[in-house]
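Shared chain: chain A. Partners: chain B in the first complex, chain C in the second.
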Partner chain A sequence: MLFSSLHDAPRCGRLPMGSTGPILLLEGLTVAYPPAGGAAAEPVLRGLDLTLQPGERLALVGPSGCGKSTVARAVLQLLPPGSRSGGRLELLGRDPRRLGRAALNRLRGEAVGLVFQDPMTRLNPLLSIGDHLTDTLRAHRPGDPRRELRARALDLLQRVGIEADRFGSYPHEFSGGMRQRVAIALAMALRPPLVIADEPTTSLDVAVSGQVMAELTGLCRELGSALLLITHDLATAGRWCDRLAVLHEGRLLEEGPAQRVLGAPSEPLTRRLVAAARRREGGASPEPPRAPVVLELHQLRCWHPLPGLPWQQRWLKAVDGVSLQLHAGETVGVVGASGCGKSTLCRALMGLAPVRGGEVLLQGRDLRRLRGGALREARRRLQMVFQDPLACLNPAMTVEEAIADPLLIHGLADRPEARRRAHEQLEAVGLPAAFGPRLPRQLSGGQQQRVAIARALVLRPTVLLCDESVSMLDAEVQAEVLDLLRDLQQRLGLGMIFVTHDLGVASGFCHRVIVLDRGRIAEEGPGDVLLCAPMAPITRRLVEACPRLPPAA
Partner chain B sequence: MSRRGRLARYLAGRALLAPVMLWLIATLVFLLLRVAPGDPVDALLGTRASAAARDALRQQLGLDRSLPVQYVEFLQGLVHADLGQSLVSARPVTQIVREVLPASLELGLAALLVALVLGLAAGFSGIARPEGRLDLAGRLYGIATYALPSFWAAMVLQLIFAVGLGWFPVGGRFPPTRVPPSGSGFYLLDGLLAGSWSTVTAALHHLTLPAVTLGLLLSGIFDNALRLNLRRALRSDYVEAARSRGLGEVRVVLRHALPNALLPVLTIAGITVASLIGGALLIENIFSWPGIALKLQEAINQRDYPLVQGIVVVVAALVVLVTLVVDVLVALLDPRLSF
Partner chain C sequence: MNGPLPNPAAALLAWRPCSLSARLARVGIWVVLAYLLVAVVTGPLVALGWLPDPGSGLDQPIYAAPGWSHWCGTDRLGRDVCVRTLSGAGVALQVVLLALLLALVVGVPLGMLSGYLGGPVDRLLVLLMDTLYTLPVLLLSVVLAFLLGRGLPNAAAALCVVYIPQYFRVVRNQTASVKAELYVEAAQSLGAGPVWILRRYLFRNVITSVPVVLTLNAADAVLVLGGLGFLGLGLPDSVPEWGSDLQEALTALPTGIWWTALYPGLAMFVLVLGLSFLGEGLDAWVSRDGRS
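Right after this comes the complex of A and B.
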């Protein structure tokens, strides 16, 4: 009923859609990006074979850098100019590489809809949500009257769960999940027989990503579109797709029904990936160590004033009375859905967000009462590792400069000494000294995060805050970084506060877990217990939203 | 609160702030002039005048009173739109400003138009083929016009087009043999209103060379700003997303990239206009354009305190106004701006 106007839409000028044959056919597809800096680029895809039948849902998985996203770009011809591509590539029986501009533009959108990873940057900030939709519809159906386009755009929005009165809202007024819904509506606007979703939920939190995936697959089923889901998350792939294709170094490694590939992987790499993903789902929480308390919070409150009249002040209570004790060598996980206040908690501890009330005792001294030199000294004992290592490292600073910088800022070493300590630190996080003169963007995501950890630890802190520090990494790299953190903790006796939206990761890694909901502690205990027997409704929601791998065969 | 309500509040706030800024500027000007070396009495009478004559003049000008009294009188005048009297000509400062300001505004607006057309065209030219010949030419144009010393460029253009080729008059605003149109003081507008075609052509004939010179020199800023912002917008994620939905290149550029690239250019244009109002001195000088900058220079040389004070305050008021207008425009155009 909702979609009736779409179904009745005139079919004139549609692309030929043969009912027979695959939607997408790749045979020996090779793609190489244009050479950078004079060196001939290694091909990213080296002979990929893949077919997708109408209405099928296929997940393309693999470790980062295996060429997953390149497949989407190749199909839509969004490769940067100068890229080379060979082999067979057929979309609805036609090769997009041989099409002229106009035909290619019709193919994009009408034959394939693409949903990107980062919903924050993929929408034009100056265009309203409704204009995005009508703009796309008008580009493909130039003759249709304005009123009809608007009605269809409204229909689409409602279909992805966005109220009609948000039609005129702008992207910045939407949350990540809402924006991704808009992106889905845009990709589906012309009812393409194929939808490619490139890591559509990676930047969303667990609860929201479950809803978004449900919308996406539901719409695909309703319109009979095939779905090509590109993801590094095996559990998501297995939860939402029938078939799974594992990609490695630009080739197809293994392909089959999702249950079979995940339950009984035949290739060693797939087995490793599945094992890493299983480890993420949570293991037994380690026994907490007996050690002195290093950090203590008493009824910490971070309230932000909301705009309003001065005599009726309203507050956004981001953190509202959180108390906890952290022992040396202990890891406390802070888990919650987005907006629960976990990042504000971290920022408040670092002195980056204003604290409204309560006490923060670092080794018995109240941080809020310290001033000047004593505060600087105390801050040195509290360091943080952020979510996005590339964003938090100065792009113009080499790795060794970045690591040495805190020493220079605090005046703890002169330049040669700082350099020496930086090299030591590189070694401690498992990176070769040769990485010293490199720039952050020349490293992989995991290596960048190691550099960020090295920088945080060079000041020999007592407490390390990790704010979603591993959530951008794929399962295998994530496990490696977690191992490194665990190892460093044991060697240095670090107290760690580990903020994450993923209860599974927290349960295997942290000694204790705190579940935050609307700024308050909802539940507290060992992670494995919370995972098996969640008591608070929010914990139950978090556990249920988490996609899980099928049991091993 | 609705967006419209917040916008209204923001505008009201900005409008209330404007007089405060004006007062601060006026105070600063007042103090600076009193601190600066040189005595207006010396300038008017020469150093050899008798002490009695000097005292008489000092009293007549009100310079014998204490600084706070002078300041209060200055502010009182300001509130009543009275900027005092020129020391040299004994005419009200407001009257003098009213005579010279339209000339400067006319020149500035014409130059801005030229700069926008040339600069934006040059900035847009390379879009079809980045790093292509047209793009490089546009980039060179931007750097060259930006780097050109304005007095030198103005004199060269004057030599070629006025002295050499004789296409345009060397200087002035209107043929000396004719009576300038009366009315607003904007000759083009007055001519058009009066329906006198010969007035319009005569005014244009004089305006063209200075306006094109000034516009040319300013266009480099717009060229570079648009080029850089457009290129950034075209490489952005949302443009790639728009392409992935099969939008034609024209639509991608005009609807998605250009508006995002023009927003920062608008801010830059605002700053440029603000600097133009007082900053066209060299051009006015070389082309003997009877504008406010030329008058200011004259007043400074004659130590005509009230006139200098009055002109600076008027220019500052205009700058504040332009900045306000640009801020409001940006706020209206950019939905992300929160106020």
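Right after this comes the complex of A and C.
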């Protein structure tokens, strides 16, 4: 889109930006993706009605698979070739489906700015940040002199809070939040009357996503752009948008002012979604059980050497002296902003990251002193559920093979026995045994995470590490998976370390919560207490950044 | 992905692709299948006496023009050109298959090991393979064929050395990128050792790119085998082979004896073309699959 040729295009004049009609008008919009693998094309959108007035901020919410993202693709005509679309679709009074290539290219960018979920994959790694911006500006205003373009790009960067000296930096030198700011600057570069943000903060942690959303909405207000925010997070939607539209199976279920929809939802599905979102805002933390200690950390340190002179060794202290005790049947939440060392802690416990000092006692045995077979045997008692279930399952292995594999690795069962145990595990996590021969990508996100849990539990561990295991799931599925984990914990007496960036989720789910900051424990206590009366500055920041639903009417 | 088809032959007959590469691949499949059929059928037919022995020609006229008794004529020893060309298909396919199998068996595990282990092992193996790769294909196999002497397994060995670096490279790079995937780390955290990870987690994800290289190399290998035969290396004289037949035909070509050169040459040309089409089609299919 940035490199589109414009010179041979019939100039389509200025877009009618001053018009008073709605920016976006959808009436009975239907979209069906091209049929794949012999399956009939099931329409994704089945008659959607939606209008967006200039300057308005509308959030499009709904469970996963309801067609939220398809709306954005339909508006920008980014649907895969072969898709069918019907009904009325008007963007600034014109139907993008009838526009030619050149007019469409002008429309994208000038009339609509798009902010994607994962900014890294949308930025060209070989172009500097400044080049991205000047390139976009030049593609749409070919005549402008170079110096002016540069000045405008610098101005844009400053508006999203990036200093001018980062103009020549490359995308890989930026953090996730910074990249998303660049993406916002790109979307806003041409002052479009409509900005579509598709899950813009899902891959960011709470504190950063708050800042990014503040910048996005602030810029929209300043430029008078309308915002269409696509998200599965009701609290974010309610915090930053005036109006809320709930989508279900390709139809508009409910629409209204955000306060009203979230405070007094009228549809059963909306009520369910709001209830699930409210539950994950944190309830009372459960009482910790009285049980023996299963895992004990003493002053655990993971330091990574930074490049430097050998006699002036500098260290990145990812985990710097963390001590904790985990009882059987207890869940300890580890909470912190990104980069606080919570993932390194998990990886170090699993033996995937080097440990520099301290002790890890698993059922009284120091893992750091064990070697060879004894270590392998002891490690069996410690298993992990990763953040992204699809990425942690071998794409070429069926579900039952994946679950049975740990048994085969440790030689605990022969093939038929392992298969039988895999089927048992599938049922234990609430999936039918018929899912066995499927491949991971044929399952939904929630089902994949259940498979990952089944796989971790097949070795009968005493301690389970969950590294952001539910953060990629939408609120309802998240609640289901958390219920499953709680249930399994009670049945098997598991000790759990639950790593998350969301203090709300941790407070309702964990018996105790530890707040990490720069590799050290900043605060410790029951989650609900931390949520109500945070003491450490980092805890206070995490609590404040967390968007909350308006109180129920 | 579709489920397993009930009958692959019926599916192939019903397959009407629309893209150019797929159409070419279809042609390639038919050509290769035809050669396989010829290779399988010629031996028994000769044994039953329905076709003349490709090696014997003393009681037949030499340099007979194509006609009813000898469809493609006879060569300077009176041997039937048609039967020799047909038998050559079987020989060529055998040698090429054996050579590629050997190259696979050596190249793929080495590539996986090199990509997975990294470090000094990787650097040493890459250096070795790159050195092999820089040597001209024909030169390398000529030297090896000369050193190993004549014979079917020897010719296959001489050919396979040329192709090992190619599999090594493809598999090594693929392994190095797949190694960084989260599921490999997850398997490590479950306690899987390197051999287990290579066998259960990397192999199936790495091997997908090999069939393309395999078919393209097969086309190349047919040519190199022909080259060896032409130089009088590779296979013994008693085995009918297109390359050596072409070399013998060369002397008679100025005197107007065209049939001894045309038919073996044509056979080689069509087989190479068929294999190349198949490889290109596979390549397009695999890369399209990777994109979507």
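Keep in mind that, in the parts below, the second predicted complex is superposed on the first by the 538 of 553 C-alpha atoms of A that agree within 3 Å, B and C clash if a C-alpha of one lies under 4 Å from a C-alpha of the other, contacts with A are read in each partner's own complex, and residues count from 1 in each chain.
Just so we're on the same page, a residue touches a chain if its C-beta (ideal position, glycine included) is under 8 Å from a C-beta of that chain, and two chains touch if they have at least 3 such contacts.
The structure displayed is predicted, hence computed values, not measured ones.
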item: Joint occupancy of chain A by chain B and chain C, clash or fit; value: clash
item: Which of chain B and chain C A:L352 touches, first, second, both or neither; value: second
item: First (chain B), second (chain C), both or neither touched by A:C532; value: neither
item: Chain B versus chain C as contact partner of A:D405, first or second or both or neither; value: second
item: Of chain B and chain C, the chain that contacts the larger number of chain A residues; value: B
item: Which of chain B and chain C A:C392 touches, first, second, both or neither; value: second
item: Chain B versus chain C as contact partner of A:L459, first or second or both or neither; value: second
item: First (chain B), second (chain C), both or neither touched by A:Q383; value: second
item: From 135-143, 171-179 or 189-197, the chain C stretch with C-alpha clashes against chain B; value: 135-143
item: Doubly contacted chain A residues - partners chain C and chain B; value: none
item: Of all residues in chain B, those that touch chain A in their complex; value: 1, 236-249, 251, 255-256, 259-260, 263, 333-336
item: In the complex with chain B, residue positions of chain A that touch it; value: 76, 78, 101-102, 104-110, 113-114, 116, 118, 121-128, 135-136, 139-140, 170, 172, 183, 186-187, 189, 307
item: Contact footprint of chain C on chain A as seen in their complex; value: 37-38, 350-352, 376, 379-380, 383-384, 386, 388, 391-397, 405-406, 409-410, 455, 459
item: Complex contact set, residues of chain C against chain A; value: 1-2, 181-183, 185-193, 196, 200-201, 204-205
